[in-house]
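Two complexes are shown next, each including subunit A; its partner changes from subunit B in the first to subunit C in the second.
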Partner chain A sequence: MAEVWVDAGEPEDIDAEDVIRFDHGGKTYALYRSEDDRYFATDGLCTHEKIHLAGGLVMGTIIECPKHNGRFDYTTGAAKGAPVCVDLKTYPVKVEGGRLMLRVS
Partner chain B sequence: MSVSATRRDYSLVGPEARTAVEKGLVSAQWYTCAVPRKQMKELMRRKDGPAIRDTALWFAGLAISGALAYHFWGSWLCVPFFAVYGVLYGSASDSRWHECGHGTAFKTRWMNDFVYNIACFMIMREPRIWRWSHTRHHTDTIIVGHDPEIITPRPPDVLALLLNLFNLKNAYGFFGKLFLHASGRLDAEELTFVPENEREKVYGVARIYLGLFALVIVACLYTGSILPAMFVGLPTLYGGWLSVYFGMTQHLGLAEDTLDHRLNSRTIYMNPLFRFVYWNMNYHVEHHMFPMVPYHALPALHEAIKADCPVAYPSTIAAYAEILPALALQLKDPTYFVHRELPRAAYVDAVAAQ
Partner chain C sequence: MTPRQIVIVGAGESGARVAIALREQGFDGAVTLVGEERHAPYERPPLSKGAIFGEEPPTLPYIGDAQRLSELDVGAVLGVAATAIDRVGRKLRLNDGAAIAYDQLVLATGARPRRLNLPGAEHGLTLRSFEDSVVLRERMRPGAAIVVIGGGFIGLELAAGARKLGCEVVVVEAAPRVLARATPAPLAAILEARHRAEGVEILTEVGVSGFSADAVELADGRRLKADAIVVGIGAAPETSLAAAAGLALDNGVAVNGRLQTSDADIFACGDCASFPHPLFDGRRLRLEAWRNAFDQGAFVARALTGAEDEFAAVPWFWSDQFDLCLQIAGLPDAGATVAPRDLGDGALMTFHLAADGRLVGVGAVGPLGKIAKEVRVAEMLIARRAAPSPDKLADAKVKLKGLL
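Up next, the complex of A and B:
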């Protein structure tokens, strides 16, 4: 299958150590910028109760769900303990031509 | 219509559980007040300092009141010290259990877990069961058939409420569940909210808890005195009244089956001593709307959203002036509840959204 990259906006749309929501093709994603200016993307909804992770708090490489304290490592998608038991799916991200590009397939 | 005709089924495995799903009330989208992202990030920011200070004060209070109670044991002078020790053990543990269970009290995770487990034992709540129960409470707050933490049904169970002023019914249920879990089983309701991979841990902790309470009984028998139980176990009963006094203000008498925490929760202004014991859970609308805001930031969150919320109650007495008549009315008419008045702008938005 061909790689499909979509324009997800400007890198500066995301503050350092923060997350934003990005919707595309009927799906919702969470885009992250780490403290050291690296970019990551995961599914946008918590695997526990489908809450938007973009409302949560980024601490280092951890994103915390704003509802139930479910925590994931957003660089790998790994669930870090109850109440989340299922990992997040991650997606490649790159900065190209001053734009943040997200690979959606 | 008779009271029995309007009585609802509050169990998590009855017909109301299905009805709530059909009505779209389960795992639903709840109303949230608008707070700018930068401000919300600041409010959610974790700190260790406030909780370390408050935990040190809490442990110091337990140690000093406990030492004086021990010193004066055998005379009436021990009573006030046991009263203080009991409230710190049986009531302050409730809010510590709660905040550390949310993982927000401390920045450092192991500190949350450490205090959570101590507080769970003090308040007689099994840590795994109550972590999952409270997770459900936040997903489906006061949704009949889904929320396992509804204090009393409509019409209210007055006997249970009175018994629980001293945690009597709760403690009876707690020990019954301990034996059940220690035997490697969960009840039908617990099966709905405790995931399969957590259940072995529940059984293990139940066995440890039974062992600890057995040790207290052995210590009482060995010393020929109730004194050991006055320090471990019984304080949950004789000192739990203040957490009940606080806890009953959170949702009682307000709307069921609504997706707006402003209509099913109360924010009450309290004095600093109450807020120390209760860890600011008097800001209960705020806590439910944004559960990842730590207790020490709830007053600031209250200031940020209060214009979009019903007016806060000026005191617990004012809250009870509403709650007790509401409960009395619900004895005759279980459909009765207190309608909270939303600010005009919020009301217009809510109607427009519908």
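Up next, the complex of A and C:
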């Protein structure tokens, strides 16, 4: 299948060690910038109660759901214990030509 | 000596969490979960929200369904009530005549809704179980007159949901304001104003003198038509088993910092347990909250397998009303001074500082995405016994994360 990359805005739209919401093609994603300026993307909704993860707190490589504090490693999508037990899907991200590019398929 | 047989009384959030966490830690003895309800353990927070007001017929939001419990090798004895603890023989007796031997026992018996002692009290509906939510869902029809007794979390969540469905809603609160018990006044005022703007009628400082099949009689003589009366005036800890067994009580089953009762082989957690909190000078707390039930369940699983530390999780509560979220961390009422922070989009946060300057409580109301990160950071500040400058806390330009 062809790789589809979409323009997800400027890298500076995201503060270091933070997350923003990005919607595209009827789907919602969460885009992350780590403390050391690496970028990551996961599904935008928590696997527990479909809450937008972009409202949650990023600490190191962990995103915490704003509703029930379910934790995921956003670099791998791995659920880090109850109440979340289903991993997040992750998506490749790159910075190209000063833009943040997200691979959606 | 490693205990071989752990029995948990109560299959709600806290009890289920003990069982699951024991297995997650690799405990390989027998684990038995005894629940009075016939259902496998389920989450209660959705009961006052989507279970009643969602478009789809509600399904049980399981914490662990029968298959998961079986996979975890957790014995589930459901639809059966525990009737007595034989502390000498180390047996839990059940109302079906059976007895289960234990090496260690956990009481996660929860709380029961308080009821009013009034003429016609039987006409008042309460909300605790999935079945209760099914009854309420039936009664909450567009145009129905709903009277909610009590302006607490559950009462206001039900009022908001009923109003959105098109019910005529009146909230009757005995105190001078809604959410008087746990919520800072400026935040309660935002929620109260929102309810009024949505058309919910809120009566404060009003007593109730009785119920009938179709009305609520107020102490001042007024009569409110009611197709359904919902009573949300708090919950009382379920302590009868502990009391009969001679365990110490103190506004709940009294436990020490490791959540051990006065019998070292019996622990208690969740809504039924009153425990000393190290962050608040050992003040004894009993919290009726999802997060506390979850945290204490996981903690007890560790304590049962030998952990020696004390339970010190920061209390944390939330409520959803209309599209507003309320989150509270710590104990705002332990504060002597308040620093407010404007989070934008109508969201407000209040920081509560003790006389010595330590941050002891925080609350916020607004859209979830506006408040959750900030409350989470503040919760960490409270856990670290931080004493941040009130000026910085009140200054929305100062990043809270930078104060950690």
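Please note the rule applied: the second predicted complex is superposed on the first by the 105 of 105 C-alpha atoms of A that agree within 3 Å, B and C clash if a C-alpha of one lies under 4 Å from a C-alpha of the other, contacts with A are read in each partner's own complex, and residues count from 1 in each chain.
In the analysis below, a residue touches a chain if its C-beta (ideal position, glycine included) is under 8 Å from a C-beta of that chain, and two chains touch if they have at least 3 such contacts.
All of these numbers come straight from a predicted model, not from anything done at the bench.
Trainee: Going by the contact rule set out at the top, does A:Lys50 touch subunit B (first), subunit C (second), both, or neither?
Mentor: The first partner, subunit B, only.
Trainee: Report for A:Pro83: first if it touches subunit B alone, second if subunit C alone, otherwise both or neither.
Mentor: both
Trainee: Tell me which partner A:Pro66 touches in the superposition: subunit B (first), subunit C (second), both or neither.
Mentor: both
Trainee: Contact-wise, after the overlay, does A:Pro11 reach subunit B, subunit C, both or neither (first, second, both, neither)?
Mentor: It touches nothing on subunit B or subunit C.
Trainee: Per the definitions at the top, what is the overlap between the subunit A residues touching subunit B and those touching subunit C?
Mentor: 55-57, 64, 66-69, 82-83
Trainee: Along subunit B, where are the residues that touch subunit A in the complex?
Mentor: By the definition above, subunit B touches subunit A via 27, 40-41, 44-46, 102-104, 131-132, 135, 138-139, 195, 197-198, 290-292.
Trainee: In the complex formed with subunit B, which residues of subunit A make contact?
Mentor: 18, 49-50, 55-57, 59, 64-69, 82-83, 85
Trainee: Could you pull out which subunit A residues touch subunit C in their complex?
Mentor: Residues 17, 21, 51-52, 54-57, 64, 66-69, 81-83.
Trainee: Touching subunit A in the complex: which residues of subunit C?
Mentor: 17, 20-21, 24, 63, 290-291, 294, 298, 318, 368-370, 372-373, 376-377, 401
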